[in-house]
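Below: one structure, written as structure tokens.
As written, the chains take the letters A, B and C, and residue 1 is the first residue of each chain.
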Amino acid sequence: RVALYKKMKSQEYTVKTQVFEGPLDLLLSLIEKGKLFINDISLACVADDYIEYINKQEDFPMSRTADFILIASTLVLIKSKSLLPTLDLSSEEQESIETLEKRLKLHQMMKELSFHISKNFGKKIMFTKTPSKNITPVFSPDGDLSVSKIAEGIRSVLLNLPKKVAVIPKKVVEKVISLEEVMENLAKRITKNLKMSFKEFSGIGKEEKVNVIVSFLAMLELVKQGAISVSQDEHFSDITIESDNIGIPKYD
Amino acid sequence: MKLDSKIEALLFYKGEAMKIKELVKLSGVDDGSVENALLELKEKLSERGIWLMRKEDEVQLATSPDMSDIIEQMRKDELTKDLGKAGAETLAIVLYKGPVTRAEIDYIRGVNSTFILRNLLIRGLVEKISNPTDQRSFLYKPTMELLSFLGISSIEQLPEFGTVQDELNKFAENKSDEE
Amino acid sequence: MKLDSKIEALLFYKGEAMKIKELVKLSGVDDGSVENALLELKEKLSERGIWLMRKEDEVQLATSPDMSDIIEQMRKDELTKDLGKAGAETLAIVLYKGPVTRAEIDYIRGVNSTFILRNLLIRGLVEKISNPTDQRSFLYKPTMELLSFLGISSIEQLPEFGTVQDELNKFAENKSDEE
């Protein structure tokens, strides 16, 4: 898994310069670039790259950011669970992970099928008969055609015109708020689980919550890789991070 | 594909009489081969619902004469069926915004209007005229019969004519912004 | 005249898609006879220049896909053949999984599909029908026009159609995941 993770890191640059249509598109391309299958392990592998990508995007429209962040919260859950197998997930959290995997698989399937569509579309067209040019029209209104029927028709047309201004739906705003909660809650639980604080390292209180989580996951990853060692004197006190060659890792 | 099948497809697509020399040109073979293929096609169609008709140097596919009653019935159905919501909407756009292209109608309704316009044309409710600004497209406008049936002597008498015009024009302007 | 020939004539005259129940009504026989006649007609046309296309409860006659190039030469207008990535993806979902709601399309694509669906509706490649289980939403499904552009006479002819259906059914077993 560590090897995969490193491999993903090397793909980072190409991913960052690409434009993605949506979060699933981004996630799938990260997985496919690493030649991985869609499962919790590969999702954990690409979580950091995914989050880094959205952090780097400055001019996302609000509604799209929400879509990207929502998926990020699930990825963080997956990654936390993979690094900390003792972390308990609620049934709702478990379900959100399964749903993401399922959506991603469907997305991948439809994307592959869409290549057939692009390839065949307009290549061998089956044409219908050209409508006859010399049909003599016979004036035939239907029974209830009237000015009021026409007025009704035009009202229905006007009512169905697409609205030009894209207002951020309330649901999206709610989703972003709930993400905040997810992050906060998760931070508390991880801290408790390891019985330590990572205040200084992560800049808790100063940084965005999502960054705090990312920092924490990064630190755990480095511990796993044996690059650093950490120690903690008592519960909820700060952690000391030690390393011979890299010192304190700098994550944004 | 065999030549007689090729010719069948060409005649079907065209839906009206074609010169034999046009068939020769399109199929890229000589006159004799086309003549033979036409004989073969006539033979193959002899027991079917479609016939091959020939008049001098022109050929055409047509429904067989025994079918005239049932086709008359079908035509009657086309002329009398309920216009429905799609019909009322399309007719309303032609009335309020005509002369108007099919593309504009489609854009305003957000769906394709090809088939409903075809029906409105054969029912004499709308007519199409050539588009002075684009040779390839047509403009649709209400027929005189429709206006007199509705009892309006000028389009401006339609309910809320001014406001509807404004809204439709505003929408059409947004279109050019988007593109 | 035999029923399959009658139906052929009706479809030829109409020149566009017809509902099977319309054929039943016009020919004055029962559904089963029309279904059998359609099978017979399809069989008879199998080696011809004209094919029978079918989509759910609709049928139409169209030229064989092999005639595509030659007929395009006959046409004066240029056909729009560009779908774009979003268009192709949305069509794949509508074709392999349809009828689907916009919410389901968004769920699979991970982005809002309002604009692309509107575009496909205007082009006549998808159609929307009201959703029997939810009055406020619509179901999107492929049109006969879409099958024509893909050169297939029925949806089952799509590449990998059967296997994809099996896989989708497997997914649908935990349907409760979908919101």
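The rule is short, and it goes like this: a residue touches a chain if its C-beta (ideal position, glycine included) is under 8 Å from a C-beta of that chain, and two chains touch if they have at least 3 such contacts.
Only a predicted model underlies this, so the values are computations on that prediction, with no experimental measurement involved.
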Chain whose Cα centroid lies nearest the overall Cα centroid: C
Chain located farthest away, centre of chain C as origin (C-alpha): A
Distance from chain C to chain B - Cα centre to Cα centre, in angstrom: 21
Whole-Å gap between the CA centroids of chain A and chain C: 33
Centroid spacing, where centroids are CA-atom means, of chain A and chain B in whole angstrom: 47
Sites on chain B at which at least two other chains make contact: 12-15, 110, 118
Chain A, residues touching no fewer than two other chains: 127-132, 162
Of chain A, residues touching chain B in the complex: 127-135, 137-143, 145-154, 156-158, 160-162, 164
Chain B residues within the chain C interface of the complex: 1-2, 4-10, 12-15, 26-27, 44, 47-50, 61, 63-64, 66-67, 70-71, 73-74, 77, 106-107, 110-112, 114-115, 118, 136
In the complex, chain C residues that touch chain A: 12, 15-16, 51, 53, 60-68, 71-72, 79, 81, 83, 85-86, 88-89, 91-93, 95-97, 107-112, 114, 118, 147-153, 158-160, 164, 167, 171, 174, 177
Chain C contact footprint on chain A (complex, rising order): 21-25, 63-64, 67, 71, 95, 98-99, 102-103, 105-107, 109-111, 113-118, 120-132, 162
